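Per-chain residue numbering starts at 1, and chain names A, B, C, D and E are given in the order in which the chains are listed.
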Amino acid sequence: MLTMSLKILVPFVLILQILPIFIWMERKGASYIQDRRGPNRANIFGIRLGGMVHTLPDVIKLIFKEDIIPTRANRFIYTIAPFISMTVACMTFAVIPWAAPLTLDSGSFALQALEMNVGILYIFAIASIGVYGVMLAGWGSNNKYSLMGGLRASSQMISYELTLSLSIVGVLILSGSLELGAIVESQSANILSWNFIRQPLGCILFLVAAVAETNRTPFDLPEAEAELVAGYHTEYSSLKFALFYMAEYVNMIIASALIATLFFGGWQVPFISTELLREHADLIIHYSLLAAGVGSILGSIPLFLYKSRVRYGDARDTETKKISIAMFVLGIALVAWRLGAGEFFFEGLAAQIAAAALQLGIFIAKILFFCWFFVWIRWTLPRFRYDQLMQLGWKAMLPLALLNLFITAGVYLLV
Amino acid sequence: MFNFFDQNILNFVIWTPLLGALLLLTIPQKQNLWIKRIALMTVSLTFLFSLHLVCYFKSSSGYQFEIFRPWIPAIGAYYALGVDGFSLWLVLLATLLMPIAVLFSMGSIKEKEKSFYFNLLILETAMLGTLCALDVFLFYLFWEAMLIPMYFLIGIFGHGRKVYAAIKFFIFTLIGSVLMLLAIVYLRQEAEGSFLLDHWSLLALSPQVQGVLFAAFALAFAIKVPLFPLHTWLPDAHTEAPTAGSMILAGVLLKMGTYGFVRFAIPLFPDALLVAKPWIATLAVVGIVYGALVAMVQKDMKRLVAYSSISHLGFVMLGLMALTPQAVTGATYQMVNHGLTSAGLFLMVGMLYDRTHTRLIADYGGIAKQVPLYTFVFLILTFASIALPGTNSFVGEFLILSGSLKELPYQTILATLGVIFGAVYMLWMVERVFFGPLKKDSLKGLKDMNWREVLCVLPIILLVVWMGVKPNFFLSKIEIATQTLTETVQQNQLAKQSLKLQK
Amino acid sequence: MVLAWIILLPLLGALINGYHALSCRLRQQKVIHGMVNFVGVGLPFVAFLIALSQGIPFILGAEEPIRENLFSWISVGSLHIEAGLYLDRLSTLMVLIITGVGTLIHLYSIGYMKGDSGYAKYFAYLNLFLTSMLILVLGDNLLLLFLGWEGVGLCSYLLIGFWFEDKAKAQAGKKAFIVNRIGDVGFLLGIFALGVLLLPGAGENAVIFNFEYIESQIGLITVSKVFWLSAPFIITLFLFVGATGKSAQIPLYVWLPDAMAGPTPVSALIHAATMVTAGVYMIARMDFLFDVAPETLHIIAIIGASTALFAALIAMVQTDIKKVLAYSTVSQLGYMFLAMGVGAYAYGVFHLMTHAFFKACLFLGSGSVIHAMSGEQDIRKMGGLKKALPITSMTFLIATMTIAGLPPFAAFFSKDHILWKTYSHGHPILWVMGLLAAFGTAFYMFRLYILTFTGKSRVSEEAKAHLHESPFNMTFALIVLAVLSAVAGFLGLPEVLGGHDWIAHWLHLGSNAAEAHGASHSHTMELLLMGVSVAVATFAILLAFVLYRNGLEGPNKRARAMRPLHNLLTNKFYVDEIYDACVVRPIYYLSQSILFTVIDRKLIDEVLVNRSGRFLAWLGSCVSRIQNGFVNRYAFCFLLAFALMLGIWVFN
Amino acid sequence: MSITHYLTLAIALFSIGLIGVVLRRNLLVAFMSIELMLNGANLSFIAFSRYLGDMQGQMAAFFIVILAAAEAAVGLAIIVLLFRRQGSVQSSVFQNLKDKVGV
Amino acid sequence: MTILFYILSALAVLSAVAVISFRQPVYSALSLVVTLFSLAGLYLTLHAEFLAIIQILTYAGAILILFIFIIMLLNLNKDELKEQTPALWRRIVLALLGGFLFAGLWWGVKKLSGDSAKLTEGFGSIASSGKLLFTEYVLAFEISGILLTVALIGALVLAKRRLNYLPEEKN
């Protein structure tokens, strides 16, 4: 039971860690795209970490805001809607593998919360349940605009769900199984075997559908400020709004995780296969740590010399200096440790764990990259009109997905 | 050629009216003169054929002029026709009354003649068919076929509450005949799937079964005869029917009930008859007295004659129930007599109606002065219907009453009471209509009978006198049939008695 | 075939006259009086001559009756009825009376009916009447007798209602026919009872209703039973009921007084001479049967006597000349039935003959008075007509003396014989009643004579103007009849007075038993009784003279004195009103409100026919209520049905 | 857990669905109870397929689900139409086919 | 395993009862979702993963959303309040009838023997289901495809509002 609970814990913790980074990235990215500084005020003892600390007060703000329930709203549905969306969002992460399965004496130990051979279908099922949250929220808050917003959001999510599922069928054909672990396995040969190369069209379609699925930018009609104020969650305040907000970001994380696992080889380290990785795991770690130490030392120096023009008159001015000193000390320690202890020597399980750790790191890097991708799209592309959105969904992407399916099936059969 | 004609004379008699009717259809409605001529010709032709029947009727027991051909072998129905003492004179009566009816309605029916004569001819075929059928299925077919044209005649050409009367007439008879149908079906199955009457008469049925079957047949025929409680359709049907219609209805259709008793109910179920005899006789006698008494208070002449026919047919039923040769012969003879007298009376009332369009006695008074010939004929018919000796009804009534005194003493004494009341209501009507001062001016211009009406009434008057004075010519032919009937019934009853004694 | 001609001749006359009357009426032409007279009177006269020719051998003592068999009327199975004629002494007497008196009356009515519009029709009816009377008399079996019986009833209906414009006259005709019909029903029942008795025993072609055959079967009849009563008693009782109906005895006499509505010769012929005597003839013809039923004879006697007395009382106060004569006929008939009742059939017939003569003469006399007074019948407006109508008054006087029973005239002998026979056969009470009736008869007859012919003339002026003696053809009949009524008595001269009572021996009716019984009394008693009756008659005549000599004032005063009795008598003991109240009205009420409306209309029509129709319609509507379009209800039914099926499946 | 347990549950669902259809006047809820009945049937199919070791049961269940989807689509379209016509979804409102009693 | 069965079946029954007893259709819809989820769980215990997922995907994910769509679009809630709860006696009678029904069927079912057959490897998984679908039941599969299309078009034609104020689309 322990391993089972551990397996569940890891994805959950993973999401909760990535979430604040993603929020920070979103705000920082948006500001830099809009040529402005992002959040840089909040600090703990002067350390601002480039605005990342700001998310903490954000969260606290949301929690402690006054919780207003509109009169004559359907109280039960109004309150339950955010919880549904949040739980649904978190549940999908269970299926995503974050590292190669460990070969233990008692059989392989999959490093994913739920090793289901229905895999992908599970995700889509849960995604379709997600629609409930949105609809009930829109309807529960007894406000015409939120109702319209809820309707639009749900209809959009439903129609793009179709394209989403059809676009990945190509991948399924190639990988031969719905189980995500197996899909990643099928991409393990080399960078060329990654699906975004074998399935370029599928990848693009999946990407666009994923963005639409999470109601992000080009497709974020429901929350379009201009027309529907804040869409289905206009009436929500404090914690319930926070839940919706987080649910949205979790959805995006999952979308990017899916993109990574399905098309970009999941936890596959680009050029090193798992076995290779396992043999040289100790070597790689040793050298990477070493590189990290040297890097931090070199990095701390320019930081130290940097004079910021802005004087806040409080602890923030000296922040860069304190950071640069910290980096310097850390780098020295790393280098010393690495050189002193010499190469690690893992064999058997320890090697596998080390390899898994590496793969996990790569996997997180991929997710972050795609999160950045989402943010990037959001603050560059203009918004679609509703009928254009539907037009694109039904008349453009669906045929393309079918075409892609057709081609891959044809090729697969002939080859 | 002649013996071909003689062989299936019955076919000729029965189907000529139908041919006439079909011929009528071909003539356009405008040519009503031709319609009348053709109708009259067909009907008279049928009468001629039936005369042949009379001449060549050998006075031997059993059926004459038999025609026997398998008709629907699947259900065992044969096309069997035959005439014997009972049906001969009724056939004659039907074929005689028809020309009179047609001749009379030539004057009185002015619109929709084609459908009127068509219905009449169909009615005649049905009547003749019922009388001559020896196969029960064929009998039932014609029996039902009779209703439809009569229904139309009353329904379309009648006056006053004609639709109500037509429906009532139809449904009353239908209820009875449906029960009969059940009995027929049961009997057919009993007689191994054959509908022939001869096969049926050989059947030995247990008394209880006989009782039920007899009840079914008796009910169907009792409605038609109008025995007492089931008679309310008759006055309505008669008063609302057109003259020709009520003539045929009274003349022949009522006799179907009694004929049915004679042909089916009595011979087939002797034991049940033994049990039911007193009951039906009492009902008949009640009918006689009831009919006479109610006739006394009628305001409408036709209705009075209708109730009088209930009373007269009560006599016939009494005769049938007594089952002695005299009584049954008298009953059959009385059927023919009543047919003549009541048809005659309806004819006369019809004539009055054509002239003054009212049948209420109160509207008349003292017309004897105006129409002496009409009064003379009417008086003869009145005395015939009262059964004055020398007229036909007296012979019938005498035979019935003398025959049935032994079997049903109490009923007979009550029945003779009916004779008195008969005289009362007829003379009361005659006195109110004919005698007394002629006050009403509407009657001043009353014309006497024209030649056509005299021609209609003449045969009836002649027959009334002839059948009164020289009845033997008719009785001898009926006698044989009654002889066979009473003997068969006696044997069965005796057999049963002896059986009972042994048990 | 000679006898047949007697019947056919009048029939022929009737047909010819009838056809002539109808065609003239239709073609609006005048009736040729000559032809009608010749046919109407001539043919009956010829019939009279033939009858005479056939009758003389009998009068001269021939025993063997003449039989003629015309044709077989009804023959069904073992029942044979022949239309045969039979002439023996009794029927010769009757035929002679009928044809004789009939011809005279025909002659008389030529004058009487001269101006009438239905002249030919009248003669046709009269001839028809003669035919049916002759059939009645000449018929050799009961059926033919009944045929004549009803025929006569028919003709009396036609003749009484001859002037049918007048409502009262038409109703009188109807009343006569219906009352006769009630009697006839009794007669019919008698015939049927006889038929039931004789039929089983009859041989293959036995003619059971012939009189001779019945006489031959008398042994079987006396012994057998009908409806648990002795056969002869029942049959004779029924026949007697028929007789009362026809001859107007107590219960059914009411039609005779009203029958006066007809023309007077009709009353003379039918209600005096012939028809009413049919009952007496029938009993005489069936004397062998009646002898065997002593109880019926006893009843007949009682009824006869009471009718005689009863009618005599009423006649005393009647004011209409014909009504008086009508009641006198009823009482004389009472006498005849009294004779029959005591077994003296011959004397009954003898009285019948004498009565025919003097009653016809009286009626014709009154006819000529009415003719002279141009239709006036009320004796209170007459008086002192002797001078104006000498012959009529003379003949009327002779007839009155006859009927009163004065010695030289016929009635004295016949009536006396009857009284003597009643007394000698041990019925003293009946004899007294008979005597009183005789007193009454003498009183009212002379009252009538005095009031009409003698005394102060109360005739109104214009009637007095054309008061004239009736023409010869009318007075001839009167004279002949008067002479006959005077002379006829001597036929039955009793031994006691030296005659050898020819008529009784000639007819030798009835079994000798009755004869033997009477012989015991001595001749002296007979003479004594004869003297008493003559005394009574003369006393009555004197009383009448005293009372009515000087007009009506005196009698009216006395009438007012004994008002209740007088009213009772003038209203004929309220008999008509009683009949009407207890017979006619209840039957009418019964049939009108109970039978017709309640049973016919309400019970059968309403309840059975309409009500059942409406019930079916109601049934239909309440079933349709289930279809109320409510979807859930249908689903519920599905569920119910499914559960039911499940239940069935589970439990077996 | 033996098959009877699963079947009892299936029957329970089925009868609850049936009652729902009969009881509820609102067409939508009745429609949902029909879905409930279908699910009851599905469960019995799958239970049988599990205990008979034969995949056919599941295939049948699969097709039932498809059928339910199609039926829901058309059913709801009809309900929308009914609503648009009568303004309410109460089954008591749709009584036009009622037999006019007493005509 | 048995506890799981009892929990899930209790949940299913309760939510089923909730479906038919809630006055507001939205609540019944939601309780129907719960029923479906519990059934999906039951399917899993019966080794029918493919169907469990299909159940959630189509039933909960599509059909019920359609329901809620309809409820929301027609905002039925208001007039639902008018629907008065059926008379008490009707509910009792129905409950009795339901009980009787249940007992009858249960009586039928009771006789079934409880032994479970040996399951083949991969029983109920997507692969085996997929294989079966495309071999043995391929015809049924295609027909159901057609059926769904027909249903789609049908629903569209039925519910398409003839917008009379918009000019008829020229297609």
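Everything that follows uses one rule, which is that contacts are C-beta pairs under 8 Å (C-beta built on N, C-alpha and C of every residue); 3 or more make two chains touch, one makes a residue touch a chain.
The structure displayed is predicted, hence computed values, not measured ones.
When the partners of chain C are compared with those of chain E, the chains appearing in both lists are D. Minimum number of contact steps separating chain A from chain D: 2. Judged by touch alone, the chains other than chain C, held in their current positions, sort into A, D, E | B. Counting C-beta pairs in contact across B-C and across C-D gives the higher total for B-C.
Farthest from chain C in terms of Cα centroid separation is A. Seen from the Cα centre of chain B, the chain whose own Cα centre is farthest off is A.
Once CA atoms are averaged chain by chain and compared with the all-protein CA average, the nearest chain turns out to be B. Chain E has its Cα centroid 34 Å from the Cα centroid of chain A. Centres computed as Cα averages put chain D at a distance of 7 Å from chain E. Separating the centre of chain B from that of chain E, both taken as means of CA atoms, is a distance of 77 Å.
The distance from the centre of chain B to the centre of chain D, each centre being the mean of the chain's C-alpha atoms, comes to 70 Å.
Multi-chain contact residues of chain D, defined as those touching 2 or more other chains: 18-19, 22-23, 25.
In chain C, the residues that touch at least two other chains are 636, 639.
Inter-chain contacts, as defined above, occur between A-E, B-C, C-D, C-E, D-E.
Residues 168, 229, 231-232, 235, 290, 293-294, 296-298, 325-326, 329-330, 366, 368-369, 372-373, 376, 383, 386, 388-390, 394-395, 398-399, 401-402, 405-406, 409, 412-413, 416-417, 419-420, 423-424, 427-428, 430-431, 434-438, 448, 469-472, 475-476, 479, 482-483 of chain B are the ones that touch chain C when the two sit in their complex.
Interface residues of chain C facing chain D in the complex, by the touch rule stated above, are 621, 624-625, 627-632, 635-636, 639. For chain C in complex with chain E, the residues that touch the partner chain are 636, 639-640, 642-643, 646-647, 649-650.
Across the complex, chain D is touched by residues 1-2, 5, 9, 12-13, 16-17, 19-20, 22, 25, 28-29, 32, 35-36, 39, 42-43, 45-48, 50-51, 54-55, 58-59, 62-63, 66-67, 70-71, 73-74, 76, 79-80, 82-83, 86, 90-91, 94-95, 97-99, 101-102, 105-106, 109-110, 112, 114-120, 123-124, 128-129, 132-133, 136-137, 140, 144, 147-148, 150-152, 154-156, 158-159, 161 of chain E. Residues 1-9, 11-20, 22-26, 28-29, 31-33, 35-36, 39, 42-43, 46-47, 49-55, 58-59, 61-63, 65-74, 76-81, 83-84, 87-90 of chain D are the ones touching chain E in the complex.
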